[in-house]
Amino acid sequence: MRIARVVGTAVSTVKEASLVGHKLLLVRETDEHNEVLGPVFVAVDVVGVGPDELVLVSEGSAARHAATTTGQPVDAVIMGVLDSLEVGGTVTFRRV
Amino acid sequence: MRIARVVGTAVSTVKEASLVGHKLLLVRETDEHNEVLGPVFVAVDVVGVGPDELVLVSEGSAARHAATTTGQPVDAVIMGVLDSLEVGGTVTFRRV
Amino acid sequence: MRIARVVGTAVSTVKEASLVGHKLLLVRETDEHNEVLGPVFVAVDVVGVGPDELVLVSEGSAARHAATTTGQPVDAVIMGVLDSLEVGGTVTFRRV
Amino acid sequence: MRIARVVGTAVSTVKEASLVGHKLLLVRETDEHNEVLGPVFVAVDVVGVGPDELVLVSEGSAARHAATTTGQPVDAVIMGVLDSLEVGGTVTFRRV
Amino acid sequence: MRIARVVGTAVSTVKEASLVGHKLLLVRETDEHNEVLGPVFVAVDVVGVGPDELVLVSEGSAARHAATTTGQPVDAVIMGVLDSLEVGGTVTFRRV
């Protein structure tokens, strides 16, 4: 899973029927220090996250294996909110 | 899902039978400001989009989970038209 | 799907049994002007293409969803021959 | 599968229900000399590894095919601890 | 499928049970001239290859569709030994 930061939201009215009701968030991959590594992409939120949270994103077919995404045409889902990250004995990120 | 802009169309007469009837669009990944990030690729349109629209593209096995692509050999499908994108409280894209 | 050009052929005698009988082509991803973008990879041909053709390649699990690749260990299949590509109102490629 | 080194841990309290109970490790891809190649990502540990171990990571749908990850929304799982790597007749890594 | 060269071997004693018995080879992607393009990764050998052979690697869920990998947590499998590669009418690689 990739570490990503929630940076915004996307709105889409005309869309595949099975996507209706999902919250579409804009996220960017980050490293263990919450530094951005890559471009914005869209992930479905199934856990209820807030702005600027660091989250865990599952991609590919894994994205269809959350309780509320079964069989849906999604390829990136936020599966968890990150509380802390620790590398080599040092806490590099802590949720505030 | 990746954000992409519809930039053109592809025509293919000789093709796998299950692809007949699908509209093949040329798209390019963009960032939240509608700036192009990557090369052209081909995505099947299942929602009915127009030229220059910003869209949501699902890839991998997710592409076979739209109502009209079940079991088909497609790996990229346009699943929604983007109305707006907002990053850090600022609207970075709005459909015109 | 990626746009790719057929640049050659691969021969493999010792191989997984289910691959016997498939034509293995060497292809390279191109842009909408038929300019090469990436390295050579191998794709199974299920439509019957000729040398130098521009083709549509489906990857990942989609490659197993052609009529003749069901359940086979292939991850890239040529699903169609491209007749033309059009970007922004201009034809950028036409099959000759 | 990619070779990766275990560099730390991730803690996530609010998460998809099926992820509860899994140990989330931070790993980085390495080469055959245990030199880091890429950024940190998160993998589920199903074999019981220690800090700084070199491990084998399966990604994509393969991550759901360990005995304890069946049907779960994970896309990267540590499937084995590496004891040694040998390239061209030379041992490039040995577990200590 | 990617073209890759067998460059070595990996040994893993502590691993997911379903991986026991598989030969784990180190491979690197190459181009049509057998020139290395990318870093070392690990692929399961299901055809019986020797050192320095050029091989065909299937990745993703395709890796689970060899006769001996069904349902196993592998994401890269050597599916064939390459005898020759030909690009633009010229043989660029021939097995010796």
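Letters A, B, C, D and E mark the chains in the order given here, with residues in each chain numbered from 1 onward.
Just so we're on the same page, a contact is a pair of C-beta atoms (placed from the backbone, for glycine too) under 8 Å apart; a residue touches a chain by one contact, two chains touch by 3 or more.
Because the structure is a prediction, the values reported are computed rather than measured.
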Chains touching both subunit A and subunit E: D
Between subunit B and subunit D, the fewest steps along chains that touch one another: 2
Type of subunit B:subunit C copy interface by residue overlap (half), same or different: different
Computed distance of Cα centres, subunit C from subunit A, in Å: 33
Separation of subunit D from subunit E, taking each centre as the mean of its C-alpha atoms, in whole Å: 20
Contacts with 2+ other chains: residues of subunit A: 60-61, 63-64
Cyclic ordering of chains (reference subunit A, direction subunit D): A, D, E, C, B
Interface residues, subunit D side, partner subunit A - complex: 7-19, 24, 26, 39-43, 60-61, 63-64, 71-76
Parts of subunit D lying in touch with subunit E, wherever the complex brings them together: 1-3, 29, 31-32, 37, 46-49, 56, 58-63, 65-67, 77, 79-88, 92
